[in-house]
Amino acid sequence: MNLGKVVGTLVATRKESTMDGLKFMLVKHVDPEGKETGGHVVAADAVGCGPGEMVLIATGSSARQTIATQNRPCDAVIMAIVDQWEVNGVDKYKKD
Amino acid sequence: MNLGKVVGTLVATRKESTMDGLKFMLVKHVDPEGKETGGHVVAADAVGCGPGEMVLIATGSSARQTIATQNRPCDAVIMAIVDQWEVNGVDKYKKD
Amino acid sequence: MNLGKVVGTLVATRKESTMDGLKFMLVKHVDPEGKETGGHVVAADAVGCGPGEMVLIATGSSARQTIATQNRPCDAVIMAIVDQWEVNGVDKYKKD
Amino acid sequence: MNLGKVVGTLVATRKESTMDGLKFMLVKHVDPEGKETGGHVVAADAVGCGPGEMVLIATGSSARQTIATQNRPCDAVIMAIVDQWEVNGVDKYKKD
Amino acid sequence: MNLGKVVGTLVATRKESTMDGLKFMLVKHVDPEGKETGGHVVAADAVGCGPGEMVLIATGSSARQTIATQNRPCDAVIMAIVDQWEVNGVDKYKKD
């Protein structure tokens, strides 16, 4: 899974009909230090996340293994909201 | 999904027969600021988009989860036309 | 799909037996201007292409959605020969 | 598969329910010399690994081919703990 | 498929049990000139290759389309040993 930070939302009215009801989030990738890497992705939200939250993103066919996304043309899904992570025993991120 | 801008079309007469009738669009990737990143992809059009439009592209096996593309050797599909997106509450793109 | 130019062929006698009869082509990736990007791939030929031709390549599981490649350990297939493409209304490539 | 070194753990309480019970590990990619490449991934642990261990990571749909991860929105799994590897006959890594 | 050169072997005793019996090879990617690109992958061996040989590697779900790897958490497989390739009619590699 990729680590990312939710930074925005995206609206698309005209789309494959099976995508109706899915919320698109704009997510910037972050590294283990919590810094943005320059990469980004538009992901469907399967967990009810909001702006500023750190999340995990599953891509490819794995992005279709949620109730919200199965059998849909969706290749990136937010499937977890991150509470905390540590590297070598040092907390690098802790949710407020 | 990847963000992209439709910049052109591509014609291929000789192809796997299951690809007949699909329209190939040339799409340049854009970042959350709407600037081109230098990347591109040739994607099948599942939504009836046109030149200049901002779109979402699904890749891999997810590109086959539309009526137009299922069971076809297609690894990139335009499955939504973007109306608007915002980053940190600021509109970065709004369709005319 | 990726845009590429067929530049050579590859022979492999010892291989997974299901790959027998498939022709391997060496393809260099090109950008929308038709210039080589530095990337390359070895792809199975599903359409009968030849050296110098511009082609489309499908990758991943989509590469197995042709009669020639289904159920085979093949992750890249040439599934179309390109006749022409244009960017912003200007022809960037036209087959002779 | 990718070579990586387990450097930390990640906690996510709110997630797709099928991910319950899976342990998320933060893994930094290493090259054949054992040096970090700068890349990283968050992977589910299918083998009971710990910090500092060298591991193999399978990605994409292959990440769902373990008992722990099948049918889950998981695109990276640690499916082996590395004991040793050599390049051109020279040991580059040997577990203590 | 990716072009690569087998440079070493890797041993992992503790692993997902379905991976038992598979041999892991360390493979460095090469370009059409036969030069190493800096990339590498750990791939399962489905053809009985040895050090120094040029091989083709299939990745993703296609890596599971061999008898040795089906239904296993394996995302890269060596499915062919390369005898020869040419670019623009010039031999770039020929096996001894």
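By letter and in written order, the chains are A, B, C, D and E; residue numbering begins at 1 in each of them.
Throughout what follows, a contact is a pair of C-beta atoms (placed from the backbone, for glycine too) under 8 Å apart; a residue touches a chain by one contact, two chains touch by 3 or more.
Being a predicted model, the structure only gives us computed values, none of them experimental.
J.: Which chains are shared contacts of chain C and chain E?
T.: none
J.: Give the rotation angle, in degrees and rounded to the nearest 5, that superposes the C-alpha atoms of chain A onto those of its identical copy chain B.
T.: The rotation relating chain A to chain B comes to 70 degrees.
J.: Same or different: do the copies chain D and chain E touch each other through matching residue numbers, with over half of them shared?
T.: Because under half of the interface numbers appear in both copies, chain E and chain D meet with different residues.
J.: Go ahead and note the Å separation of the Cα centroids belonging to chain B and chain D.
T.: It comes to 32 Å between the two C-alpha centres.
J.: If you average the Cα atoms of chain B and of chain C to get two centres, how far apart are those centres in Å?
T.: 20
J.: Hey, what residues on chain A touch two or more of the other chains?
T.: 60-61, 63-64 - these are the residues of chain A that touch more than one other chain.
J.: What topology does the chain touch graph have (line, ring, star, complete, other)?
T.: If you draw each chain as a dot and join those that touch, you get a single closed ring.
J.: State the ordered list of ring chains, commencing at chain D and continuing via chain E.
T.: D, E, C, B, A
J.: Quick one: which bits of chain D touch chain E in the complex? Just the residue numbers, please.
T.: 1-3, 31-32, 46-48, 56, 58-66, 69, 77, 79-89, 92
J.: Flag every residue of chain E that touches chain D in the complex, lowest number first.
T.: 7-16, 18-19, 24, 26, 28, 40-43, 51, 60-61, 63-64, 71-76
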